[in-house]
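Several structures are given next for inspection.
In what follows, chain A forms one complex with chain B and a second complex with chain C.
Showing the complex of A and B:
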């Protein structure tokens, strides 16, 4: 049958007003339902007619999923809170500036005004073959079109490939992992809270999803404990364009430094693998060492061990090495004045 | 019009804008501005008609195939589906007679609106009309299309390899036909393995090339050179990406086709529609008030406009064809990428002694293109090599159809040659500006090979050296060069590039009606594609009539309003061509006003002068308002009110004058001013970049374009052109691209976020521009166009600054991105295959 894009298919629009109702609707319709937060990922799929859900559960009317609340131990961010709100929030900026900086690097101001934190961490892969409707592994087929001798894979994975070489494109995900955030999920069986790094899935577990949400599940909030409040943070995103671009790579670290030495650290990199990579080996290797360029150099080299480049993405190895180095040892700033 | 009297020395210095003029050179708000900023402007998609249907396209999923069978029964049975249009219902190729009376024979290889043998993925093969777009889409998904895959090739160099597939069954290389034929000719050309041996050394192979010209003593030039460089460089295919896609609405009324779409020429689109539809021109009414960008891809609208027109006729209802962003990527045209190998000899001071250029041009899926040819011509003009050879092979591929894109061929020439000049300057120890200065064209600079009469073509005027000097001063070139280059992980570099392209044509018409309401009504057939030139040019007419701008009305965008024969806004010709036409018609109008006054008030026409909406005796005395003169003209009739027409004007203008007969004093004239040389505009472009060598990420931190475009008509609009088109050039340098999987021949980057046109944050916040404002001596207003000339400089100033920062061994192709820099900077040599495109 012929194919056409850019016309959204018909579906029933369901607009719950509470999280309980939203979760119930998702449970009722199961795989026939599409949950939509800000719509920045959803509209692509829908307009391209690659996804044709029976019902669309629009969360925009669920006020309890919006907003930033301080709790006894940190903050809780509703999954429907926009990225702009998070970037501007005084508490986030003061104590968890890593997240503020990460979300400020997402896409463009217009998209950040509409896009939500829940949507940003739950968005699907941006592999152009997959998004283009090619029948790849992730789409239920039995081939990866990006991982061929001539496949266009400049933006794909150097770690964690397992049939699929797509990467997780989220900018906020590595920051949330570095901050040891917890993701709150309402499931048909009740509330479930998982560590940020456990929210994401690799293709070895499920090749059709980047996260653990199953039909009937609803991500309601993300909690950031105070453990890392006010730590030394580093976030950097490298992208082709200065705005409205997914990362070629990003890095986020939270570091506690005492007497010039690294007391503790959490560091994650994204857009290098199908899921955001927490670099636990690097964390272990640098604990107790001076927070300086030498340690950064060592960390960078350690971080890229085991990387397997594809035809057009070997640059990601020096890039990851250098970003990890900078996340730990800092950037050698310029001194010129004019 | 007040003339600017200049001494010889003064003529070589910048002149303040507007000197000696009341209107020319002064900023103003164009007539369409309020509508644009308030949203009142109506583009094709904004029009509606009673009972309007929508149509959507079915695009080929394969890069080359034959449509064997279409079964639309299920689709046609759906409620709301009104009909389909198949390739067999589209009129075929047709001969036509141009407005000079020359028969142009149809090109059998050219494109039709729907294809039964699609030559590229995304080519329209079917259209469906229904009551709404959702019904169209659901119907399309019920249509069975059986297609037979055919051999394809998406890479021009690969197409020349022994045993490789050809893009078309007839061959893979476009070869020139001897003039006057305009028919295309295809041949099967394969190079040998020996030809391809150079590839292993990173050099472009140079097998047989069917096109060649040369002049001067090439061997002696290389023999006498202090430095000879042999460089390979590739430019990328870049889509036009007009913000307004080629959406079209059409309906029929009383046997006439009313058609709404974007165009670069209101008047010249009418014959194109008539030719594509196989119908008389006088049965076409074309409406195009606003167009959201063309850049050469909408010279006379777009071929696909026939689809809603044909469906409308077939279904007896208005039809709107909205073109989506993805569809626009496929049918919206693109600039051809060129793979080049250029050998250049330099004297010790950097003067070029010889230049040998070999090009492999990608023609895409339909027809040849002139980019390779223009690449040679612009190289010859802009760098003035005393000896030059140009060879070119234009290869058909199963990729998107190409068309002219701002500075076609010229942009590629500058992108290819400038890095060689920069490298030479570093090797010779010559300042980059100084090296360009010794190679700069000036005066009536010659270019290209000798013509049939043995003479070389030449330009009307060139003051590029002055622009280079003034630009270097304003950019603080010397101070920037002297600054530290590296600090921390950042390196910075400054770059300069020369730039030029065609700046005008001649021979078009002007049409003015002085109305009994005391208005100066100027009619124009120029397309309003966003540059403001369609209004700016009429400042020349108002200046001559000494009329306040507030009394001037501009009528445009609807051929039922009887518009004159005007240039299309392509080739940067509008400002030049239409200020000439405006000048001519204003003089004609002033003369007729004086004649009317003399007939009404006595005396001779020469006794009268025109000013402030009055025609009155010189030095005071009897006179009449324009309104009174208009009424008198109507009474006089004949040549004065349009019942007779100036016999020199084009046939379209004659029809339009007849349409205005009796409305007032109707004046028409054609531009037949003498013109010695070809009009080109020039720029010196400067840029600074800052690169982080640990990430490969770079920023353009500053940019300036200094223009030699003759008289400045509208400074704000010119600034928009200089910087806007520079940004188009920057796009080529910093990231805009195609991504095609060659195994399947399928594009995978048809969205903005994947093919990456630059954003406002990718260019410097405070870019600067300036212009010499020295009049061109070969045109009465002295103005030349500036749409295309900045593009090449905008690209090459960036790449030159990058090379200055990072060294010569980083890139051999554009765009240059973080991955290019990161891998090559560490390795100390270019790590990316220079021939491999579409990554």
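Showing the complex of A and C:
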């Protein structure tokens, strides 16, 4: 598709100054409204004329949605806090280094300066058929163009596909799941707090969105409890280029080890399924076992049970096996550097 | 005739035709014609919501500028086509190349992906605002000149703005850190080695300045 370089089609720009106003505006305009956080996902849709909202609600003026504060025994990160701020924050780096590392691997420096945590977890699928405006299932049609013998599906799902085979592309999502974060949502009926893993939706529930936000809902903050503060963390992202690219796959784990044995663990993998996958079976299997390569090997094999590759993404199975193995058993091989 | 004489004469002339003004004139003429015919064809077309422009004040390169801006207009568009600051380049217009990088409150952003209306109360710095009032180049600019860092240099202003922003947060980077700092910019000439040479010299000049 030719890239259009003209000004975007017209929309009404609303710039609320408080979260209450923002939520009310979203409620008033419902389906016609588009929520813009950093805008890094929004502009592609708008410039390509694939999505044509009547009203754009820009959250950049809502100061109460920005910043990192202590909350209870953990931290609360405003949904509009930029990824750069999170990566540089001393508390996050010290106690929740997993999240700092995950957001440092997002896109490019300029995008991290502008992109927000709320936007990163709420971004839409990257399947190019969908992004290119093809009338696929996710776009409301009744066909998938990626899951055909010749469809370009190297980046797509090996788990959880249901008509649509697109994956969730977020880097911060698996880290937030591993840290047992809670998402705070303002809805027309009041505040709702959900577990990180419950924030994401698969196509079996709703094929048109990757998260649970409905028109009128606003994600305001993400709370991280202190449960996993300072645990053994592992994050790895695999992508084609070291800048800009979305993950071919990423893994995030938080592990508590005592006396060489895994006392407790949370591990999640993203870009393998329509929603970030928490590997509960792996968690249960490795608890109480030594944190070593043998356990990692076993965990990796268990993690890929039931994977169904498409035409061009079978490489994701050994990739996932090895990422899970590394997350639990550590990196034994000499690290490859360019 | 020497170059300075030529410039003087141009200053005094009432009708100076530069390449840029000529092109702008042609574009404007075309727009008027096509707008007029469109109006003729569809006289009762309802105006879309938010289609109008709004007069706002922007702070660009230390000056406040009054400018009419559409709600859906990006900062790169405003800078180039409304304020005439064409040093900021548009490459991909999709936040994927970095040539439109400007500083907003000293932080590098892709100006193709920022709505102008969202930077009303913030300080925007473009390549035109780096040099001192007396024409003395910014240390990063001087380093690029000294090292001859770029080939075609279309991406240059973006790289320079990224480097200026990065050096404010890390004035003493290693070569690897510098590469990371400007990793949000692409060069199609693949001149990265020379660009990094310039940027490392830029760090040295900035520390000395």
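Heads up, the rule we're going with is that the second predicted complex is superposed on the first by the 326 of 338 C-alpha atoms of A that agree within 3 Å, B and C clash if a C-alpha of one lies under 4 Å from a C-alpha of the other, contacts with A are read in each partner's own complex, and residues count from 1 in each chain.
The working rule: contacts are C-beta pairs under 8 Å (C-beta built on N, C-alpha and C of every residue); 3 or more make two chains touch, one makes a residue touch a chain.
Everything quoted here is computed from the prediction, not taken from an experiment.
In the superposition on chain A, A:244 makes contact with both chain B and chain C.
Look at A:67: by the touch rule set out above, it reaches neither chain B nor chain C. Once the two complexes are overlaid on the shared chain, A:97 sits clear of chain B and of chain C alike.
In the superposition on chain A, contact is made by A:150 with chain B only, not with chain C. Once the two complexes are overlaid on the shared chain, A:10 sits against chain B and chain C alike. Set against each other, chain B and chain C touch different numbers of residues in chain A, with B touching more.
Touch criterion met: A:314 reaches chain B, while chain C stays clear of it. Of the two partner chains, chain C is the only one touched by A:43; chain B is not. Look at A:110: by the touch rule set out above, it reaches chain C but stays clear of chain B. Touch criterion met: A:132 reaches chain B, while chain C stays clear of it. Touching of chain A by both chain B and chain C, each in its own complex, is seen for residues 3, 5, 7-10, 108, 242-244.
Chain B meets chain A in the complex at residues 56-59, 61, 126, 133-134, 136-138, 140-145, 324-327, 483-484, 487-490, 694-697, 699, 735, 739-744, 746, 748-750, 752-754, 756, 758-762, 817-819, 822-823, 826, 838-839.
Across the complex, chain A meets chain B through its residues 1-10, 49, 108, 128-129, 132, 145, 148, 150-152, 154, 236, 238-246, 248, 312-315, 318-319, 322-323, 325-326, 331-336, 338.
Within the complex, the chain C residues that touch chain A are 48-51, 70-74, 77, 90, 92-96, 98, 101, 107-110, 112-115, 117-118, 162, 166, 180-184.
By the touch rule above, chain A contacts chain C in their complex via residues 3, 5, 7-13, 15, 39-40, 43-44, 46-47, 54-56, 58, 60-61, 84, 107-111, 113-114, 242-244.
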